[in-house]
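Quick one: this structure, given as structure tokens, is what I'll be asking you about.
Here the chain labels run A, B, C and D in written order, and each chain numbers its own residues starting at 1.
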Amino acid sequence: MTAQSAGLALAIALMLAGAIGAVLLKEVMRVMIALGAFLFGVAAMYAYLGYSFLAIAQVFVYVGGVLVLMVFAVMTARRADGERPAIVSRHDVGSAAVAAGVGAMLFLSLRTAFGDTSVPVSRSASDLASELLGPRLVAFEAAGVFLLAALVAVAVILKGGEER
Amino acid sequence: MTSFLLGALWGVVGVVVIAGGAVIGVWWERKVAGRIQLRYGPQQIGPAGSLQMLADVPKLLFKEDVVPSGADKPLFKYAPLVVFAPVAAAIAVIPFAKGWAMFDTAVGVLFFLAVPSIEVVAILVAAWAQRNTYSALGGLRAASQMIAYEVPRALSVAPLVLLAGSLRPTDLVAAWRWWWVPLLALAFLIYLISSIAEMNRGPFDLPEAESELVAGYFADYSGMRWAIFMMAEYGAIITTSLFAAATFLGAGWPFDGALGVVALIVKAAALVTLVMWTKWTLPRIRQDQLLRFCWTVLVPAALVQLAIVGVVLPWL
Amino acid sequence: MATEELTLNIGPSHPSTHGVCRLVVRLDGEIVTHVEPVIGHLHRGIEKIAENRTYLQVVPLTDRLDYVGSMYANWAYCRAVERLAGIRVPERAEYIRVIVCELQRIASHMMGIGSSAADTGATSAFLYAFDQREKVIDLFEALCGARLTYNYVRPGGVAFELPDGWIEQCRAFIEQHPSAMLTIDEFFFGNAIARVRLKGIGVLDADTAVAWGVSGPAARGSGVDWDLRRDDPYSVYPRFDFDVPLGSNGDCFDRARIRLWECIESCRIIEQALDQIEPGPIMAEGLPRLLAPRPGDAYDHIESARGSLGVYVVSDGSPRPYRMKVRSPAFCNLAVLPEIAVGYTLSDLLVILGSLDPVFGEVDR
Amino acid sequence: MIALAVACALFSLGLYAVLSRRDIIGVLVGVEIMLGAGSVLLASLGAASGASSGSVQAIGVMVLLLAAAEAAVGLSLLLSLYRTSGRSRVDELSEVSG
């Protein structure tokens, strides 16, 4: 086993274990930790594929931003009552079947698009910059506008809650 | 496989360097604080009390490992390790010499900046696991502060990246010229301030504010687990100072080779002392003032610095 | 991101409660919406114990009231007893009392300033203040052998003559003290962070201060021009020339900084007293071994470091006081805390508490 | 091919969370997992097809930004809901306005 395949195995194990935990665990903080493991695994996957910039950005934005925000929300929303907050779920065969079916469908339809996954070479961040500011400038700007809109939405929602 | 082993070896070296540095750092901090506060600091064990910490480590190891009855046991036990790990990881990308770092990657600067975000999650989990109101407040303070100060910290490093045209720390060292120091003085200052806030040190030590929150996010920890939090704090001081010394202050300049490493360590030690000096001189700022300072002073100043570098860049 | 109110118990054992006080705080986010000091953790029943001790035996009990300023409680109690028994105190004893009590004011204010500094996280300023306090306590140690509970002022005079060289030591201290105060003023009160932490925090207006019976530096910080040393002169105070520093905003900054200027004024008083003091007896003559004043009652008050400290003593003709009651300035000052702390943050709450400088030995008695 | 299988499995897991969780935070976690699965798929597809690294990373960064915005809005909904009702069930979302 080479170091690289070990890395791939680690990334996949992290992603799967994290996702399973995040879906099935009950206690909310453990769900968050499982989600953190999943996000980390995705970063590891990116790193394995050679997208090191994307991997770091994943850690930066997801782990440092989104996950912290979620934990923060959990703590502010339910720290006072003292009980161990659990996430209520309604496990049933139907939703499991639907989820599995969608997954299988995805797999079958995309199977042909994949050749044999080649081990990629290292890629630098500067071609990302030229890509973002060149052909995909419109999308980049649109993302910026979208983020701004999201910020405004957050402010409006929280304000509305306060007034109540 | 060999590269894997090599990586593991460097990992061990990094942890040892951080742990050893933390032990020296605690001693040094006590001496610096003593000097500032009209006291001596440790002076009984070893020359100038330098072996005091060696006496303290066994004490911490053998102290009872108290887990509060209401705590979430597994989270409580392992959160400190997750607090420490990213700090130790950060040392990997620091260019100790021209063209050499333990883990020389093309996105090293980003790596260095992203690492504390993992620490934030771990701190929040630790704060949560204790089920203590003080620690919860401390954790929330830590999270809001660390996320907010990531912005000016990243912005203050951006001019370096612009000048060097690379995110690889060793490239930054190679591209460094002496006139970067006056040009980037503002960025350096912002980097230092936001790093101090990022690692929850005085005057931004609100998350552990002794006079308000007792010890904040690690209020209920004792013994070695508490010591790991301290090690993470000192590790953060050390890596931050090393990074600043390597990138803003030109690493080993004016020397090369082994002498250059010594010069780097001397510069970093001076920065560590500066950080301690700041803590022991200044009062503690308040949470709302802290965040206002970040958004109204540091971020605009960092943007101004970035603009200045952007304007002069074409003529360099 | 405020959601619901959070109840937080601060103390009774907490780094910033300056003794054993419990604050029940309700927080909305970090904003204090309600605060209630729960006192009594240090209640030892001193007033009741005093009813079973002779008049002289009560003096050590008064040491334990305000343990940061024992001399004051000694003196206030002795003045009440002297008034009750009609004892005339020799002039030299009065001078010594003034000197030690002004030194005590410095020592106590160093604690007050130091805790204001420590509450805002300026541990070095705290130690600078404590360095000065240490010097005063060394003087007291030379005088009576004790560093905290002096038992020095006794009914009729003081316990011991000044030791040889003490006056010179004292002069040396008051010579360096004002400049040390200016250093602290520059180092702590001049610091930008300390200013934003203290200014405009816990504002107490003059009317509220009077209405709640707040006295001492806490009231003078709000501009209440009231100092018993000048407005109800006792002992030899009318012979000294001194000013009463006043604040204007009634915030934590003024309350803390007033103490600094009061220390400098205290140095002026001590200097004049050292110049004027003359040899003579230090204890009233012809005192009986066992004081048993005629039935009656007496009240006397002095300006302690915390405010108007009064002692009321009732005698039924026996050698033990029938009743002793202390009017404690720390208690009255603490009572105003809920009035001035609501609406500020948790961090401010502890700074406000520190700026009132309560000593719980005196609050709980 | 492994990457594709893993991504599809992750997507199913995320979808299952969205379907079965009754709590907004659980649903959000599910959505994050689905987004993550999509990005992994995209990245591995890009690597396999030999697309230019810049374009793959650019799209990845876009997804990242969208996910961050989604989380922010979702969490503010959660807090607002929690504030009004003290609970955070999905069923109650229909009653939130403003």
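One rule holds in what follows: contacts are C-beta pairs under 8 Å (C-beta built on N, C-alpha and C of every residue); 3 or more make two chains touch, one makes a residue touch a chain.
On a predicted model such as this, the values are computed, not experimentally measured, just so you know.
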item	value
Maximum inter-chain contact count - chain pair	A-D
Chain whose averaged C-alpha position falls nearest the assembly-wide average	B
Centre-of-Cα separation between chain C and chain A, whole angstrom	60
Mean-CA-position distance for chain D and chain B (Å)	32
Centre-of-Cα separation between chain B and chain A, whole angstrom	27
Separation of mean Cα positions, chain D and chain C [Å, integer]	62
Junction residues of chain A - those touching two or more other chains	32, 53, 57, 65, 72-74, 76-77, 79, 124-125, 158
Sites on chain B at which at least two other chains make contact	133
Contacts with 2+ other chains: residues of chain D	79, 82-83
Chain C residues within the chain B interface of the complex	6, 8, 14-16, 30, 117-125, 127-128, 131, 188, 191, 193-194, 196-197, 345-348, 350
Touching residues on chain A, where the partner in the complex is chain B	1-3, 6, 27, 29-30, 32-33, 36, 52-53, 55-57, 59-60, 63-65, 67-68, 71-72, 74-76, 79, 82, 84, 122, 124-126
Chain D partner contacts - residues on chain A that touch it in the complex	8, 12, 15-16, 19-20, 22-23, 28, 31-32, 35, 38-39, 42, 45-46, 49-51, 53-54, 57-58, 61-62, 65-66, 69-70, 73-74, 76-78, 87-92, 95-96, 98-100, 102-104, 106-107, 110-111, 113-118, 120, 123-125, 127-132, 135-136, 139-140, 143, 146-147, 149-151, 153-154, 156-158, 160-162, 164
Chain D residues touching chain A - in the complex, by the definition given at the top	1-17, 19-23, 25-26, 28-30, 32-33, 36, 39-41, 43-50, 52-62, 64-73, 75-84, 88-89, 97-98
Partner chain C, residues of chain B touching it in the complex	33, 36-39, 133-134, 137, 202-203, 205-206, 209-212, 214, 280-289
